[in-house]
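Each of the next two complexes has chain A plus one other chain: chain B in the first, chain C in the second.
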Partner chain A sequence: MTADGALRFAPRLTLLLMAGPVIAGLAGTLRPAFEADGMARLLDWPGLARAVALSLGTGIASTLLSLAIALGLVAALQGGRLFTLILRLLSPLLAVPHAAAALGLAFLLAPSGWIARALSPWATGWTQPPDLLILNDPAGLALTAGLVLKEVPFLLLILIAALPQADAPRRLMLMASLGYGRVAGWMLSVLPAVWPQMRPAVYAVLAYSMTAVDMAIVLGPALPPTLSAQLVLWMTSPDLSIHPVAAAGALVQLGLVLAALALLRCAETGLARLGCRLALTGRRQIWADRWLAPLAAGAGLLVVLLMAGSMAGLALWSFAGPWVFPDALPQRLELDAWARAAPGLGPAALETVLLAALSAALATGLVLACLEAESRFGLKPGGGALWLLWLPLIMPQVAFLPGLAELGLRTGVEGSTGAVAAAHLVFVLPYVFLSLAAPWRAWDPRIAVAGAALGATPGRIFWRLRLPMLLRPVLTAAAVGFAVSVGQYLPTLLIGGGRVTTLTTEAVALSSGGNRRIIGTFAMLQLALPLLAFALALALPAALFRNRAGMRPGA
Partner chain B sequence: MSGLVLDRLEVRAKGKLIVALDAVVKPGGVLTIMGPSGSGKSTALAAIIGTLGPEFSLSGRLILDGRDITGLPTRARGVGLLFQDDVLFPHLSVGGNLAFALPAALRGRKARRAAVEAALAKAGLAGFADRDPATLSGGERARVALMRTLLAEPRALLLDEPFSRLDAGLRDRIRAFVLDLIRAERIPAVLVTHQADDAEAAGGRILDPLGRPVPPGT
Partner chain C sequence: MNAVWGGAMKMSAAAIVVAACTALPAVAQPDPSDWAAVLQEARGQTVYWHAWGGDPRINDFILWVADEALSRHGVSLTQVKLASTADAVARVVSEKQAGQDQGGAVDLIWINGENFAAMKGKGLLFGPFAEQLPNWPLVDVAGKPATRMDFTEPTLGLESPWAMAQLVFEYDSARVPAPPLGAGQLLDWAKANPGRFTYPRPPDYLGTTFLKQVLYGVIDDPDLLLQPVDPATYDRLTAPLWAWLEEITPALWRQGQAYPANEPALGQLLADGEIDIAFAFNTGRASAAIAAGELPQTIRTNTWTGGTIGNASFVAIPYNAAHAAGALVVANLLLDPRVQARAQDPDVLGFQTVLNLSALSGQDRARFDALDLGIATLAPHDLGPALPEPHASWMTRISQDWIRRYGVAQ
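So, the complex of A and B:
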């Protein structure tokens, strides 16, 4: 009976563990903003206008671009062979941590990077790296590109997950039979049905893109950097007198994100109205298919190519022997960099795995308890719970993590692995829940009835029937959580107080030094860990149920 | 008194009467509930097995072998269920499916294995214990499902159109196999179906979900 009571409490506990730190941290961060004339000093900072413009510009541009590519791919190509190919290539990219993607892209785009080397000297005439500011450009174009590479796979998968509820095939058939073009038919009949479900994801992408710190440090401009990157510089500065300025900046950053979200909300309403008016004109818009399909396919393939090139570049640099400009490839491959990096790599990798395993296991357990409580007690999560779930992903990290770190400092847990794992949990939980909820709820309820009719208790049905039957999605969700934890930069940096070093914090810290071989080793390992987790999540159920045809994917 | 009694069992949804059954099913006898889809058959079934949703209100009693089971959860009712599809557990072997149903009171690996083997032999499936259920034919799966239901030692059986997915030749054989077992084991059974030949083969009373006798041949 007590176990039953604990299970009933699981959803509330989970929401508390997610929303509690966000709200407490927010209060803790913003309080000093009103002390020691932090706001006045912030307004005196000459870089403010530029930092604000960068945050808004890169965030909004990358969000709109990623959204356009994801929507274009689905609207113009879904169901076709090219779409399946692009999807299959993009899905694994979701596991690539932001920092690794940024570092890989930096290796590709830099004046001495792989693209310049591949084109030199035969096409460009360069025998030395040109003095061009391609990377860390003042307009933030490289940063925008990096953000787009990371967000397109995310939005695409969210969009595809939302499609089944939209009854897309029948709607499209109907629109086609009325003579509408494919893209117009999709935009007018399917998008309105999917949008409410992908809305929180789009908000999260916008908020994240405006405030990403690790990507901004690697790819963004330096003087001034984006507002969030500058805030982190201030927050981690040993000069304590600058902290009120950082707090004031966090308040501004929060206001900017909320304003951008409000702007997006207005744009949604406006576009919806425009769409309705467009639908009433009865124009079939067949022209859109002709240019949108190749455009979307081209953009999708470009994302795949750039990401693949980035990852390959990281790997190549980590094994590169002598490699002078403009050779396209190193003279030979060697393990020197790995040997030199090993003393740092080992402990950082261990810490990364420990944090990721802890937070992913805890999150998976909590989410399973929530979902089981939902089906056992017939609970129906309301819309409010769904938004609370997205809260940690939509609230800018720089706005609540410093307050949380301060809280950790005061209670003495700052800098401990446990505290960092708890901070990771805040971001891991939503992703694990989003990944597991749909397959868990889609389980055939007759299995439970059959079990109960055979006399099985709810506990036996959970452990012996539902959990083993759903082992693959459960492990996949755990792997998603693992990957999310591996990618965490700011929570590790701030809650760890500089004493918890992971592959991610180390790779970003090294990025300014410019030793590509060493950076390559850290980024490679950072990339390999999530892939390993996903491989395990697929291999384990496949091995366990190798003699069960009914347990194969798609069976 | 042994057998299953539906004592003025009534189910309403938003005040509308959907199920009204008042009947006694003797051990080895079969009561058939017949009607087209949407007539309340599945609601009647859910009421007997104990899976009615909160939108329904139930009155009357279910008495099984003298025990009032109306308020009991599904697992404590002692009512076995055969689905339209076999609903075998896909992650367990054929033997694992059967062992899942065996009462925990039967202890020891050997004894449990022997009970599973005996049940398989009875169904003409000797040596199937380690097979993957997905590799079985439709008829074999149906027989495994029935044996699984019986191994839980139910005091009554509920049959939810268990023959409708089988093709014609197989159907008669499986139906005869199930009905013979019900008679041999002296279990009261309720058959829910929309097919007249199932109802006739069962040989008992035929009612619609509102308790009105259905004349043979309709």
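So, the complex of A and C:
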């Protein structure tokens, strides 16, 4: 009975854990915006209009582009061999931290970068790097490209997780039997069914792209930078009198994100109407398959190539001896960078694993409790609850983390591993929920009915039937949570008070020194830990169920 | 389900324990003039030194200092690696706002210039302590006035120097046989070699320092730079600087449409062959980077006729430091001749010492004499005079104006 009561309370507790810190942090961070005429001074800043335009432009462009590529790939290619290949290559790239991806891409594309080195001087005639503005371009194209590379794998995985509930194969069969082209059939029949589940993820991508800091600093323009990058510059400025301006900027950033989300919402309605009208014309749009399939495949492969090239470049730098333009490869390979990084690696890696395991385990437990409460008591998460869950991902981190850190200081919990893990939980849990909810809900309830008919209690049904049968998605969700925790920088730094050192805090501190070799070593490790978690999530069920043919993937 | 709830309970239990531990009883601040008591109190403490963590060589040096601190004085030293020193300042500020006037997280900060002026102005520093340190008499206060004057701001013993730095230009001798020796020559060279020179974008520290260096070269009366900015004469005095920038900008790397973010990014451009002339606030950086295989063998350094800007790096202790005694011991250890000689070794850091070599014992002097400065490093007498840092208000005003003119792409 008490366990039942606790379970019933689980969704509310989870929402409190999510929304509480965000709201408390927001209040703390934004308070100074109303002091010392921060807003007036912000409006005086001559770069404001451009910074705002850049934030909006790069955020919206990269979200639409990555959404188009992800939708195109699934609509045109799903089920084919090329699709499986692209998916298999993209999935591990989800674990690449944004900062590492940005630095890798910068080395790939710069006029002195790997591509230029590989082609020089034999093809280009360059003996010294050309003076071309490719990175940090004023329009933010390089930044947009970087964001697209990072968001396509994420949206693709979310889309695939949402598909089983949309009953896609039968819808597509029906459309095909009516003579529709594959892409048109998918867009008109499957998309409307998966969109409601995808929407929060797309909104999170939009909010993230508009507020990304590490990518904007490496790839984005600087004269002026995007609003989010400028906010961090102000918040970390030694000139303390500028902090109210930073707070006012955070408020503007918040308003911008909300406005962009509203804009997207309007566009959705418009597109839905357009889709209906298109459907009513009755045209079968077979031409779309001929054009869109190669386009989507090309875009997908380009994303894979650029990401893989970025990571390979960083990996090579971590072993590189002298490597000058225009050599395509280093003069020799060395272990110096690894030897230099070694003393700090062990403790940092251990702390990273501890934090990630703690927050991922806690998040998985809470999500399981919420989902189980949902099916046992027929609790349906309302729209408001879903939004609260997404709040931490939609709010710009700089808008609430400083306030949260101050709260941590006042209560004295700050600086401890537990407090940092709790802060990570805020960001880890939405992703775990997102990964797990669809497969959990898609479980056939008739199995539970059969179990109950044989006399099993709800607890026994959960532990002996549902959990083992869903072990694979549960572990995958935990691995996603693990990867998210590994990548956290600002929460670790601010709530940890600088005393909690992880691979990511080390990597960001070192990347401020621009040493590609050292950055390469840490990026490899940042990548390796989540990959290990994903491998474990695959291997464990395979080992446990090696004698159960029905539990093999694809069965 | 129990596992989940148990986990949540353990979390809050841990939080309570931590809360209880941070609420320690009040402790009296150590008195640096009673050194024996300081040493005794420091033994067993763990000092958190907040220092920029962007250079693995510096991080390695701090690890070495930590070994010394532990073996000599029983003090554990941990570097908190910052992406920006201002993070540590912001940290102390938020502790003060939260009413945490003791047991603060920051014990020692690597600091100078604006950050020091900000903390001094807000009363966030412990001390004065520097001139009571046992090793203070070895500091070359006469020959290196920057050890007591941080951007014309008197240190008043609130921070202790540990390294000298001077602006040096780094150039690729294979491409630039005769490097420019002043602002005018640099302008001519850049026009003849468009796209091969740039500077970090202000308000970056090194980028603004470069602007001040140019200002030194084009202003009629450099002594005015040691006074705070006078709004009445500012426009007239800085007009030649802006004219110089107007002329050079189209000839800069990327035609001035993009700038490197900081000193390491500028160094990376030199390493990648994107530019031919760079500069650094460390006379030994080029040699160390060549030795590490990061820069071509052909890089050399030079300074400008009339001198280049020099300053000192300091350590300061926040007013609420939890381990002020340990921090004092580390500040004193950093002035130890053995530690200073190691910092000056180009294979380690290549930082110049703050000590007066003639005040050292013969054995300690020999450590410095034995150093091989490296292939690209100028001998101390070839460096030329170190110009004092202008008053901190110049840095602020010039970087603001630069941002208005070039930083928002109007």
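In this text, the second predicted complex is superposed on the first by the 443 of 555 C-alpha atoms of A that agree within 3 Å, B and C clash if a C-alpha of one lies under 4 Å from a C-alpha of the other, contacts with A are read in each partner's own complex, and residues count from 1 in each chain.
As a working rule, contacts are C-beta pairs under 8 Å (C-beta built on N, C-alpha and C of every residue); 3 or more make two chains touch, one makes a residue touch a chain.
Predicted model only: the values in this text are computed from it and were never measured.
When the two structures are aligned on the shared chain, A:I242 is found in touch with neither chain B nor chain C. Of the two partner chains placed around the shared chain by superposition, neither chain B nor chain C is touched by A:A312.
Using the contact criterion defined above for the overlaid structures, shared-chain residue A:A452 touches chain B, although it does not reach chain C. Of the two partner chains placed around the shared chain by superposition, chain C is the only one that A:A222 touches, whereas chain B remains out of contact. When the two structures are aligned on the shared chain, A:G365 is found in touch with chain C, with no touch to chain B. Shared-chain residue A:L85: touches no atom of chain B or chain C. Of the two partner chains placed around the shared chain by superposition, chain B is the only one that A:L465 touches, whereas chain C remains out of contact. Counted by residues of chain A touched, the larger count belongs to C, out of chain B and chain C. Contacts of A:I23 after superposition on the shared chain: neither chain B nor chain C is touched.
Those residues of chain A lying in contact with chain B across their complex are 378, 444, 446-447, 449-457, 464-465, 468-469, 471, 545, 547-551, 555. Chain B meets chain A in the complex at residues 49-51, 54, 73-77, 79-81, 83, 85, 87-91, 93, 100-101, 103, 132-135, 148-149, 152, 154, 158.
On the chain A side of its complex with chain C, the touching residues are 3, 6-7, 46-47, 50, 110-112, 128-129, 131, 133, 135-138, 217, 221-224, 235-240, 321-322, 324-325, 334, 336, 340-341, 343-344, 361-362, 365-366, 368-369, 402, 405-406, 409-413, 415-416, 418-419, 421-422, 493, 497-499, 501, 505-506, 508-518.
On the chain C side of its complex with chain A, the touching residues are 1-5, 7-8, 11, 14-15, 18-19, 22-23, 48, 50, 52-56, 59-60, 63, 78, 80-91, 93-95, 97-100, 105-106, 114-115, 118, 122, 194-195, 201, 203, 253-255, 257-259, 261-262, 264-265, 267-269, 271-274, 292-294, 296, 396, 403-404, 406-410.
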